[in-house]
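Read through the structures below before going on.
Here come two complexes built around chain A, the first alongside chain B, the second alongside chain C.
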Partner chain A sequence: MSVFTLEAFLAILGLLLLIVEAFAPQISRRTIAAVSLGGTALALVLFLTVASHAPDSLPSFCTPWMRLDSLALFYKGFFLVTTLVVLWLTSECASYLGKYTLEGRLNELYSLPLIVCAAMMWMAAAQDLVTVFVALELVTVSFYVLVAFARKSNLALEAGVKYLILGALSTGVLVFGIAWIYGATGTLSFDGIAKALTAADLNKSPVLLGAAFLLAGLGFKVAAAPFQSWVPDVYQGAPIPVTTFLSVGSKAAGFVVLTRTVDALTVEHSVVGPEVKGLLLILGALTVLLGSLPAMFQQSVKRLLGYSSISHAGYLLLALACVGSTRSGMNASGIVAFYLATYLPMTVLSFLVLALLRVQGSGEDIRDFRGLAKRNPFLAFIMTLSLASLAGLPLTAGFMGKLFVFVGLVDQAYWGALVCAAIGAAAGFYYYFRAIVSMYSPEASAQEPIKLAMPTRVIASALAAAIIILGLYPKPLQQILSQPPEVAAKAAH
Partner chain B sequence: MITLNHYLIVSGILFSLGLAGVISRRNILIIFMCLEMMLSAANLALVAFSRFNVTQGLPDYTAQALVFFTITVAAAEVAVGLAIIVALFRTKQSVEVEAVTKLHG
Partner chain C sequence: MSPLEIVILLPLLAALAVGFGAPVRVFSVGSALINLGLVVGLVLNFSATGADKSGYAYASARTVLENPAISFAVGADGVSLILTLLTVLVAFAAVWQISAEKPVIYHIAAQLITAGAMGAFLCTDVFFLYAFHELALIPTLLMIALHGHGDEEHRRAVAWKTTVYLGAGSLVLLAGLAWMVLEYSGGQKLTFDLTALKAQAAASPLPVEKQASIAFVLLLGFGTLVSLFPLHSWAAPAYASAPTPIAMLHSGVLKKFGLYGLFRVALPLLPQGFQQPWVHQALLFMLLGNILIMGLVTIHQKRLDDVLANSSVMHMGYIFLALAAGTEVALRGAVLLMFAHGVCIALLFSLAGRLRSQLGTLELAKLGGLGSHAPAFTVLFAFGAFASIGLPGLANFAGEVMVFIGSFQSFGAGSFGPLQWAVVLALWGVVMSAVYMLRAYRAIFQGSAQAGLFMTDPAISQRLPLIVLAAVLLVAGCCPWLLLGLMKTDLATVVETASSAVQEAAKAAPAASH
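For the complex of A and B:
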């Protein structure tokens, strides 16, 4: 069995669930949820067994536009885990989300993520801008539906419209960028582009124009400047599971593509290498500042996490600019993948606490977190852990991720970007700890204790454990990611 | 004789017009039309580049294949997008951008 069949399995399962929902409405929400969760879990188990035995087994008709290197395998696993936790979060939130949808139906929230997951997994292996474009748009169009899904809520509808307009704008910019890159290099495959860029007589300006448009278009998907303004609004308006999926899945998907694109553009002896690195540094520094500084004045935790997501995108862009730095044992793409792996548990955990409070009928503002430590010490503890990790407190996963980015920046002597990143990190300590302090304040917003079901406890503890383990002992993950792609490909043969 | 540059200039003008419309118009439907115009501009550039990228007497068709995908994706985007705009009109009785200003910091 090849890894490739998993994507087909997920996409077909998603389509089947959509059809079943349309023609057999009497089937209960629980069944649909169970099938979609079970299907994703099965795909994850199969993936882990296949990936460890015979990773490189693509059918020959896909080899021109797909390749399974170690990075692709890592991201495929990442997307499966993300989809699994998002589906589980959806079932946690079902009781309150049902109030905002037509006739209380939620089935698309269980079937569309499967299709999105399949598209993201295709994207992880894509070697060609056509494949990238189609997979990216499958993700984006599905997200238009997901964001606006709770349509009885005015905020969700508004978020949907904003996401739609800016998403379509970024698509236009992206295709325009692809067109100019193609015009300058005469090819759409990453290998071909990298090869064409090393020719000394290549005209620089069309490539630069294309690269700038391409990076801006991809920047939308990862919540980077100059297309970052939709993030807080959409995060606030969308249902919590969708916000989580956007924040982790969509960002990671954007960064896989960005990694491949930047790798091709900054290949050794590339005529546009220094310019692309400079552009990444400027965008990254700007994104960190535009995310961190407004975050200090937010009252809503969901908006706060939105701005935090922007600033994390900034750090990731800065990491991408550190091409050629190997001080931490990983190259730029490895640092980005490591950062995203630490970003997954901490973001999911903070949205989980938000969702559990929301199910209890609390709001989403910082003041609704007051006295959480008294209502449920466990929830307060895991929220503290995830916020501290997002801020980058030592001994947590977030610290290791940031550390590698800073090491890379020092290694390449990008001092200006380093200063901006440091300012962003300092601001981060202020706004995350404001939320933490509020949880331990003596006056409570509500008194009744919060009870947690056993599965919720187990999964939350597992995520919290992941944060601590990655913070204390990052070596194993570092080793997986430090393997250069060629070595992994050779090992598979 | 029409050269590659003529096509690129038209494509650039279309793209800028679309972008200007997205920024300055207040009606969401018109903004959506301008977005489609930007996509068409990109498609025109792709087809022109493809036609003039001749190897062994034949144009390179990869970019033209991408254009087919772009058109299909744009159609899907319009279907979903119009559904969302219709839902917005039903609740707010308006499709002006002023109808979507509730979310702010």
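For the complex of A and C:
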């Protein structure tokens, strides 16, 4: 069995569930949820066995446009885990989400993520811009549906329209960029582009134009400034599981493509290398600042997490700008992957707490957090942990991720970007800790305690443990990621 | 597993257990007591056997990352053991006196601060040294914001001010440490391991100017944490409004982290940096600001908690004096003084907290004549106050004398240098200490009682940890060699490199003037 079979299985399962929804509406929500969760879990288990035994097995018709290097395998696993927790989060939120959907149906929330997951996994291995584009569109179009799914809520409709318009626009920009790159280099594959860029007689301006549009288009997907303005509204309006999926999965997908693109554009002796790096630095520094500074003034935790997600995108862009730095034992793509791996548990955990509060009927504002420590100390503890990790407190996963970014920046002597990153980190301490202080403040009015189901406890504890383990013992993950992609690729041939 | 890892982990586990509903008294106080016993055992064992070849006892390392090389490395020498002993003593006293009706978070915070301080003192890896201090800092700030004295608006303001100062200080510190690590890490590999960094510093020291620049950044970073003038203004309000156990732990223990970092990281790795004239003179100005200006400020305080908080800022000046002098006598005295100050300020804050909870006020003008109501309380307070002044026979005296003598003796050319003048001025600090402490003592305990003012001695069980602290002050004051004997070797090597640096600088100076 190959990894590709798994992806096809996920996509087909997603389609089947969609058809079931249309032709057999009497099948209960629970069954659909169980099938969807079970299918993803099965895919994850199978993926892990396949990835450890025969990582380079791809059917022959895939090989021209896909390649399974270590980075691709890592991201495929990442997307599977993300989808799994998102589906589980959906089942947690089912009770309140049903109030906002047509006839209380939720089935698309269980089937579309499977298709998105398959598309993201293809994206992780894609070796040319067309494959990337097709996979990216599959993801984005599914998200148009998912974001606006709670259609009885005005906020969700607003979010859906915003995401649709800006998403379509960014797709246009992306295609425009791809076209220019193709025109200038005559190829769409990453290897070909990298090769063409080192040619001495290449006309530089069209490549630069293409690269700029490409980065702008992808910048929309990962919420990089100045294309970040949709994030807070969409995050606020979308159902919590979808927000989580956007914040973790969609962002990671954008960064896989960005990693591949930047690697190709900044290959050694590339004619546009310095410009692309400079562009990334400026975008990254701007994104950190435009994410973390407005976050200080937010009242809604969901919006706050939206802004925080922007600022994390900024750190990731800064990490990408450090291509060529190997002093921390990983190259830029490894640092990005590491950062995303730390970002997954802490983001999911904070959205989980938000969702559980929502299920209890609480709001999503910082002041609704008051008294959480009394209502459920465990929830307050894991939320503290995930917020502290998002802020980058030492001994948590978040600090390790930031440490690698900062080491890379210092190593490359990008002092201006370093200062912006430090300002962002300092602001982060302020806004995350505002939420923490709120949780431990005495409540305004007596509220009943929150009870947690056993599975919720177990999964939340596992995510919390991941935060601490990655913060205390990041060595294994670093070793997985420190293998340069080329080595794995050569081994595959 | 090294015993040091156990004493670091124990408070963390206690905090977790208490957080998840274990009986508070048993787990929190019990773990503090066990830790006290363990550390005393470690100290006794160390004084018998001493450190091994690496300079550390009980050392162990677990690799966290290969590159950058970060390992959870622990190891103890005399200096770190003395400060660890201070930590467990103060932690024991602080946890013991948290009354039963207080929320559990008091215990969790106290245990986390203890764990953070122990980790910071015992880790021999710069990364974990820094990380553990942050771990201790966060609960401190949270507790001031949530359970501080005064109305909500006031304590929020104090908490934010403290957060901003300490957060900015930590970032400056992190920048300085990162700079140092990058400069000393040769080749492709970064290392945070203190032993490796020391070896690198001995083999190929940095240029003097670069050392001075890094030393200055570290001085500002660590200095903010220790409330070095003029970066001190967070400290007094923070201590005055922090809940009592937190004030005890932070002013008694956690604040010493900055000094410890300077002695343990900055001084050995940048021996010439602090002797560069511009750094040295800046340091002298700042520490005189601590002693003289804060001394005057303290004299003018009207409330006991403000007096104690400001005096705590002031006394840090003496320890910075030892850093500026860099002689072995002064540095050993400074470590002794850190210990003594920690014990005595914790004792005083604990008593002040008791006074506040019984009388509802700490304004000196409203107090008086309590000596006749509460004789035991008065005696305990006298121990703390007199130790703080530097009365012979109590621990602070030995430390202060060593700092002054050690700083004064290092003049060579026959005339006073800036350092000697600084000592002469700093000695006036002792006079000011006497003025404000004796005045506070008289205002509270002597004279006739104000109408309606009545207090009782604490119950015997409540007195116990306070008596322990007072006894420690007395024993360390009468037999300072018990502690000084623990650091026979570790500061000598620091001083060797530093003094050779001074001599080189002295040689270079006439050459430059010709």
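Everything below uses one rule, namely that the second predicted complex is superposed on the first by the 485 of 493 C-alpha atoms of A that agree within 3 Å, B and C clash if a C-alpha of one lies under 4 Å from a C-alpha of the other, contacts with A are read in each partner's own complex, and residues count from 1 in each chain.
In the analysis below, contacts are C-beta pairs under 8 Å (C-beta built on N, C-alpha and C of every residue); 3 or more make two chains touch, one makes a residue touch a chain.
Computed from a prediction, not measured in an experiment: that's the story for all the values here.
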{"item": "Partner chain in contact with A:Pro274 - chain B first, chain C second, else both or neither", "value": "neither"}
{"item": "First (chain B), second (chain C), both or neither touched by A:Ala426", "value": "second"}
{"item": "Partner chain(s) touched by A:Gly416 [first = chain B, second = chain C, both, neither]", "value": "neither"}
{"item": "Which superposed partner A:Thr171 touches (first chain B, second chain C, both, neither)", "value": "first"}
{"item": "Comparing the two partners chain B and chain C, which touches a greater set of residues in chain A", "value": "B"}
{"item": "Which superposed partner A:Ala373 touches (first chain B, second chain C, both, neither)", "value": "second"}
{"item": "Touched partner set for A:Pro449, first chain B, second chain C, both or neither", "value": "neither"}
{"item": "Partner chain(s) touched by A:Pro476 [first = chain B, second = chain C, both, neither]", "value": "neither"}
{"item": "Contacts of A:Val134 with chain B and chain C, given as first, second, both or neither", "value": "first"}
{"item": "Shared chain A surface residues [contacts with chain B and with chain C]", "value": "none"}
{"item": "Of chain A, residues touching chain C in the complex", "value": "326-329, 373, 377-378, 381, 388, 393-395, 399, 403, 406-407, 410-411, 422, 425-426, 429-430, 433, 436-437, 440-441, 472-475, 478"}
{"item": "Interfacial residue positions of chain C with respect to chain A in the complex", "value": "19-21, 63-68, 72, 105, 127, 130-132, 134-135, 138, 141-142, 145-146, 163, 167-168, 171, 175, 178, 182, 188-190"}
{"item": "Residue numbers on chain B that touch chain A, as the complex places them", "value": "8, 11, 15, 18, 22, 28, 31-32, 35, 38-39, 41-43, 45-46, 49-50, 53, 60, 62-63, 65-66, 69-70, 73-74, 76-77, 80-81, 84-85, 87-88, 91-92, 99-100, 102-105"}
{"item": "Residues of chain A touching chain B in the complex", "value": "129-130, 133-134, 137, 141, 144-145, 148, 151, 154-155, 157-162, 164-165, 168-169, 171-173, 175-176, 178-180, 182-183, 186-188, 232-233, 236-237, 294, 297-298, 303"}
